[in-house]
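Following this line, the structures themselves.
Next come two complexes built around subunit A: one with subunit B, the other with subunit C.
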Partner chain A sequence: MKTTKTTPAVPALKKKGLKPDTHITVLLSMMAFVLLLMAVLKPGSYFTISNLRSMIFQFPEYGVLSFGMMICMIAGGIDLSLVGIMNLSGVAAALIITNMGGTNASIVLGCAVALVVGAICGALNGFIIASLSIPAMLVTLCSLQLYTGLALAITGGPAINNMPDAFKNIANGSIGPIPYVLFIFIAVALGMAFIMNCTVFGNEIYFLGSNARAARYSGINTLRVTVMTHMLSGILGGISGILITSHLNSAKSSNGSTYTLLTLLIIVLGGVHPDGGKGKVMGVTLSVLLLQLIANAFTIMRAPDTFKTFVNGCLLVAALILDVVLEKRAAKKAAKS
Partner chain B sequence: MNKLKTKSLLTSTQMILLYVIVAFCLVVGIRQPAFFSPATVITICRAGIFTMCFALCEMVVLISGGIDVSFPAIGCVAMYVPMYIINRVTPIDSALFAFGLAILIGLLFGLLNGFLVSILRLPPLIATLATSSIASGGVVTLLGTREFTTLPDSLQAIYNTNIITYTAPGTGFTYLLNVLFLVPVLACLGVAWMLRYTMLGRGLYAIGGDKNAARVAGFNVRRLQFFAYTFSGVLTGATAMMYTVLMHSSTTSALMGDEMIVIAACVIGGVRITGGHGGVLGVVLGVVLITLVQNNLNMLGIPTSWQTFVVGLIILLGTIITSWQAKRSSHGKA
Partner chain C sequence: MADEVFLKLKGIKKSFGGVHALNGVDLEIRRGEIHCLAGENGCGKSTLIKAISGVHRVDEGEIWIEGKLCNKMNPIDAINKGIQVIYQDFAVFPNLTVAENIALNGEVKNKTKLVNWKEIHRVAAEAMAQVGAEIDPDVKLEQLSVANKQMVAICRAIINDAKFLILDEPTTALTAREVEKLWTVVRALKEKGIAVMIVNHKLDEIYQIADRLTILRNGAYVSSGPIHEYDQARFTRDMTGRDISQEKYLPKASEEEIFRVENLSLPGAFKDVSFSVHKGDVLGLTGLLGSGRGEIGEALFGIEPAQSGHIYLNGQEITIKNVADAIHNKIGYVPEDRLTEGLFMDRSILDNTIATSIRKYFHGIKLDKAAMEEATDRWIREIGVVTPSSKPAVRTLSGGNAQKVVISKWLNTDPKLFILNGPTVGVDVGAKSEIHAILRELAQKGIGIIVISDDLPELLQNCNKIVVMRDGRVAAVVDNSIEQKELSDLLMGRAE
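And then the complex of A and B:
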């Protein structure tokens, strides 16, 4: 709450109209640009079924994580501990599944425990943030260390490997040509769209993010909303914990350490305002797809992984600058009319 | 503010920290009587050099109302590039060149941070995260990931210069305190003086407390923000080269992950992450506590794999206690 949010909730509400969103147009045109560029540079290897499939296997892990980051940021906070939650719940699931002999029942139990662990971790974050009014950034930075440390303490260092085939199938199997994970991602995206657009809770999140004080005075239980927001984010962290453990066939405390930056990039690029209150599920979904297209283009061009990090950093700055420019223009327009 | 300080001198953040440090030392000392020796003091001083310098960078930025998570990446670039040039391009055997280039690199990235935050007004956390990935991604792509473990003679000479040499009577081990220990000491004194007695320092507190009020009062907010990030970059560059000298190692990932500990040291030391509060004394105590905990957990019989968790727990508790105190004192004022 460093910047006092005096802007009322009106822009967020107005944006929900049928007017075409500039941000979504920008995202779509950027996707078209990447596709066009690849059509010119590498037409043979980019537009193939196997490449498409390999892309779909990759993005749901961090796509689901991005939605967790999204709701926290819309609510005016941030969740830097998501990667820690992801690994802790992945370790919990892996531990249960391998210790119970890898039966189908153990897989169901393991996944359920992963979600519960995610929910508890998230709720703890939310409770500390709201009850003591400590900035979310600080709390989640601390709890990242806490959850990562707990995962490390449970595994004792080495990764937990040798998952049963049925569990590996969650992230590596497919129905016909379509991977299961695509359905999971679509289900999560639709669920999030429903929560954000059609429920009271969703509206409370937007309201809390655009003006926390006004939200409190207008009778919203900010403690409950913050705890629930972070709990939902933790559950999403748990889902991606299951996905990444299944995908890599290993659970350890240091998986996916680059995902924090990646998810931040995705949601800012997708139009979520870093101060909270604004952002759409649609924008974030498109931004996940765009980033996967770019990442895949780099893989096909055989650029090193580290170059991806560099470009992601540049993209993040570019997206933020674009946001500032668009905002200024919108403000000018509003002043004129 | 002064009245408040004298009234609650015994329950101020600094005093509570001091109690915790003393209590921790007593607990460790009872389990391991060997803890109470000059050797421990030297070890802690040595281990705390880098954390202290980075904590000063972070503190200045936090007081100004921002946050800097890019210093580990900037530091890695600043230690890697000079060593790369010395080892693989031309063997320039000059400490001045190594430190100068490191500071220059820190300065450039500090200016980038300052530009993003003060001119473009991007949120500091996200802007510095972006700088971090630009710095580390860029240097690894261009120069690769090698490890340089040999120092040129001039840097080796710095490594060999010690200000304190203590030989433990029982074991015969020799404990050395390098001359570079003076850098954080001088930096602490300099920053404390700057924050307390110059317009620059007062301005940092002012813009951290309330940017608009500071602007109305005549402070140049942009210039002060620029200064905070640039200062952080410069000191980071110098500290990174000190790391290379003392650790005999220069890699592109040596400092990664340090931001966690450093921010925690600041917050436990009473610097508020929302800006406008904090001082050098508290940060020094915070660094001492964190260094003590990091170095002595195995003396308490805690297994290595649990240490990240325990450090995280202590940091979280420290954060909660200081925030709770801040809340209480602001209630008292109102």
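And then the complex of A and C:
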């Protein structure tokens, strides 16, 4: 039994070149390093169920956002308006839910509207970028103002609070010890991995980001792919909007304002190339977890927040340098074969 | 005899990882000679240049310069010994003036702290006088033509007491006239006793200029000798390791029409263009730059569609308004600029091969990766792409191999009409003839083939029918029995 199973597996592995990705190895070892360090420094308070739970409650909202940023960057662009989309969707959902009296039906409708708002905002970004060939950075920088301003105009300034318990439960509740949001994050990550690896659309995102001109000459509808990419990014923004509104029991235009730079840090650390065409869901997922481990370590150590920013900065610089070094090594290896 | 030799290489070996880029290369450069280094892409020419100029250190073998063993040179040592390389991109500074470009190197080298503008102009003028170049010293480099940029690069090289100048494929971007001018300069350098090595693989150009020739193949030395010892057959044989047929393509005439255009027009590009492709035809489409030859290809592929006229494929009239229409009607197009339009350089051969046909691998809910791999492996074998697997990035392939990947990409869509714009530009002799063989085979299978090119010998050898464009109109349709001279006259409008 055993031999029949293993023999065909070995050549298949070789053929597919499933050797461990260097970048992922690096991320995993960094995570192991943080865990080891904390095991030595604070074994009592770091490795507890309650600490683990507190971590899980935190990362999914910006983790989901990071996937949106990821696909836009792989497609050769960027989405700086994600936080704006997140808050606008959150405000839309909160408005519907509170105005409809917080029934379960209103929650379902509110969440659906959040996703639709996200999709529309994203599609608008994508359409402007692709149809007028304006750089994504400019378009989304402007639309960040647009969406944030719209959310602000709708709420008139103060946050929408007093969400119903069932809604608050989305980001704060759990099944046994496991928070719901972990399942949501895992579902999003698996869904993204499937899209990027197993669908035509995912491959077209990579093609577009690698060489937009060649993509056009290969018959790829670059307008459609750009719109769809930003639309998906917008939907992910909508999911984040639901999560953050539920988590904070508040929808307003200025929630999560640090997330834009944080998500950029995450995806670059996760191996997404700023020039487009390169990046993996696995890398971004690990990067989200790594940053959460580090952030949590700082909290446990009661280290000042200011120092955390410095460490994040170091990580980003290290990731950039590492990328170049790894690329050079890969080029040498390629010259070999 | 010995002091006549400037540079002598013996058994040079250099490997990167496990691959032998150079596997025993001998080379002898004599003072004041013009030496050609020829070989197919990927034969180790660039590595050899880098070894001579101190960029790469050789693993084995001996480098003798003026009778001294110099195995451990760095680039500065090489320059101090009088070795100068002019790469294809010239490494000039586009935002500086001609005079600055020529003289600044020297200023830096002499460790001058302050810039002496008078001196810079004097040095630049002197260098230009030496090679007989006449360029305004105060013009910025970016405003110059390719040929003049090259002149500036040559001037800059010779002010540093160059004894040996290496030109890496100097003629690729030059017009015939500019090439003539370049040869005049090279001969002037030779008169001054400077040895010049020219990397080139166009035999007619080599005949014009070279005294001696060295041919490499697969990183190894093949042969060397005075130019008169080489005829076309020996040259090709030494380059490729086999005999390549020069036989003209003469298919059996067929009545079966595959493709036809009638009165195709696009204002500003071409007007009233009509021609047809029958089964077995390889149609050549030629003309000077600006004659509309390229625009017709782009129009038929929907990049810049024609505004009026009729297009028939296999008897059916079709409309092409965009690329999607073209692909829907099974028209494939190999663009002129392979690097920016044809390929995803950082992606694998597999990705590039299935880029256009990816939809057919989407079964049920996911892509069938195994089928994608199988198809790619099949094309690698059938088209003859030299690669260990479908995994390497296309960036690592030579020009000919990369072009075969572009062709595979389209063949994987089962095209009915296949348009190739400059299919063999930058492709070496061996791969070139392989690509021609593929096209003939496809034509025999009933796929319409249109080759857009300005390489007249290539057209005459491979196309049984040639449409000559002039000023946006069809000037003539000829078969390949005419002489190259006649065809060239037709292009220029010197004959009817």
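The definition used in the following text is that the second predicted complex is superposed on the first by the 317 of 337 C-alpha atoms of A that agree within 3 Å, B and C clash if a C-alpha of one lies under 4 Å from a C-alpha of the other, contacts with A are read in each partner's own complex, and residues count from 1 in each chain.
One rule holds in what follows: a residue touches a chain if its C-beta (ideal position, glycine included) is under 8 Å from a C-beta of that chain, and two chains touch if they have at least 3 such contacts.
Keep in mind the model is a prediction, meaning the values are calculated, not measured.
**Q** May I ask you to decide whether A:Tyr217 touches subunit B, subunit C, both, or neither, giving the answer as first, second, both or neither?
**A** So A:Tyr217 only meets subunit C here.
**Q** Which holds for A:Thr22: it touches subunit B only (first), subunit C only (second), both, or neither?
**A** neither
**Q** Per the contact definition in the header, classify A:Phe194: touching subunit B only (first), subunit C only (second), both, or neither.
**A** The answer is second: A:Phe194 touches subunit C but not subunit B.
**Q** More residues of subunit A are touched by which chain, subunit B or subunit C?
**A** The partner with more contacted residues on subunit A is B.
**Q** On the A-aligned overlay, A:Phe207 touches which partner chain: subunit B = first, subunit C = second, or both, or neither?
**A** In the superposed model, A:Phe207 contacts subunit C only, not subunit B.
**Q** Who does A:Asn51 touch here: subunit B (first), subunit C (second), both, or neither?
**A** A:Asn51 contacts neither subunit B nor subunit C.
**Q** Quick check on the superposed pair: does A:Lys278 touch subunit B, subunit C, both, or neither? Answer first, second, both or neither.
**A** Only subunit C is touched by A:Lys278; subunit B is not.
**Q** Identify the overlap between the subunit B-contacting and the subunit C-contacting residues of subunit A.
**A** In subunit A, no position sits in both the subunit B and subunit C interfaces.
**Q** In the complex formed with subunit B, which residues of subunit A make contact?
**A** On the subunit A side, the touching residues are 1-2, 78, 128, 132-135, 137-139, 141-150, 152-153, 155-157, 253, 261, 264, 268, 274-275, 304, 306-314, 316-317, 320-321, 324.
**Q** Please name which positions on subunit C make contact with subunit A in the complex.
**A** So the residues of subunit C in touch with subunit A come to 16-19, 301, 303, 323-324, 326-327, 333, 335, 340-347, 351, 355-356, 358-359, 362, 365-367, 373, 388-389, 391-393, 395-396, 409.
**Q** Help me check something: in the complex, which residues belonging to subunit A touch subunit C?
**A** 15-17, 194, 197-200, 203-204, 206-207, 210-211, 213-221, 277-278, 332-337
**Q** Would you tell me which residues of subunit B are touching subunit A in their complex?
**A** Contacts found on subunit B: 65, 67, 116, 120-123, 125-127, 129-138, 140-141, 260, 263-264, 267, 273-275, 305-313, 315-316, 319-320, 323-324, 327.
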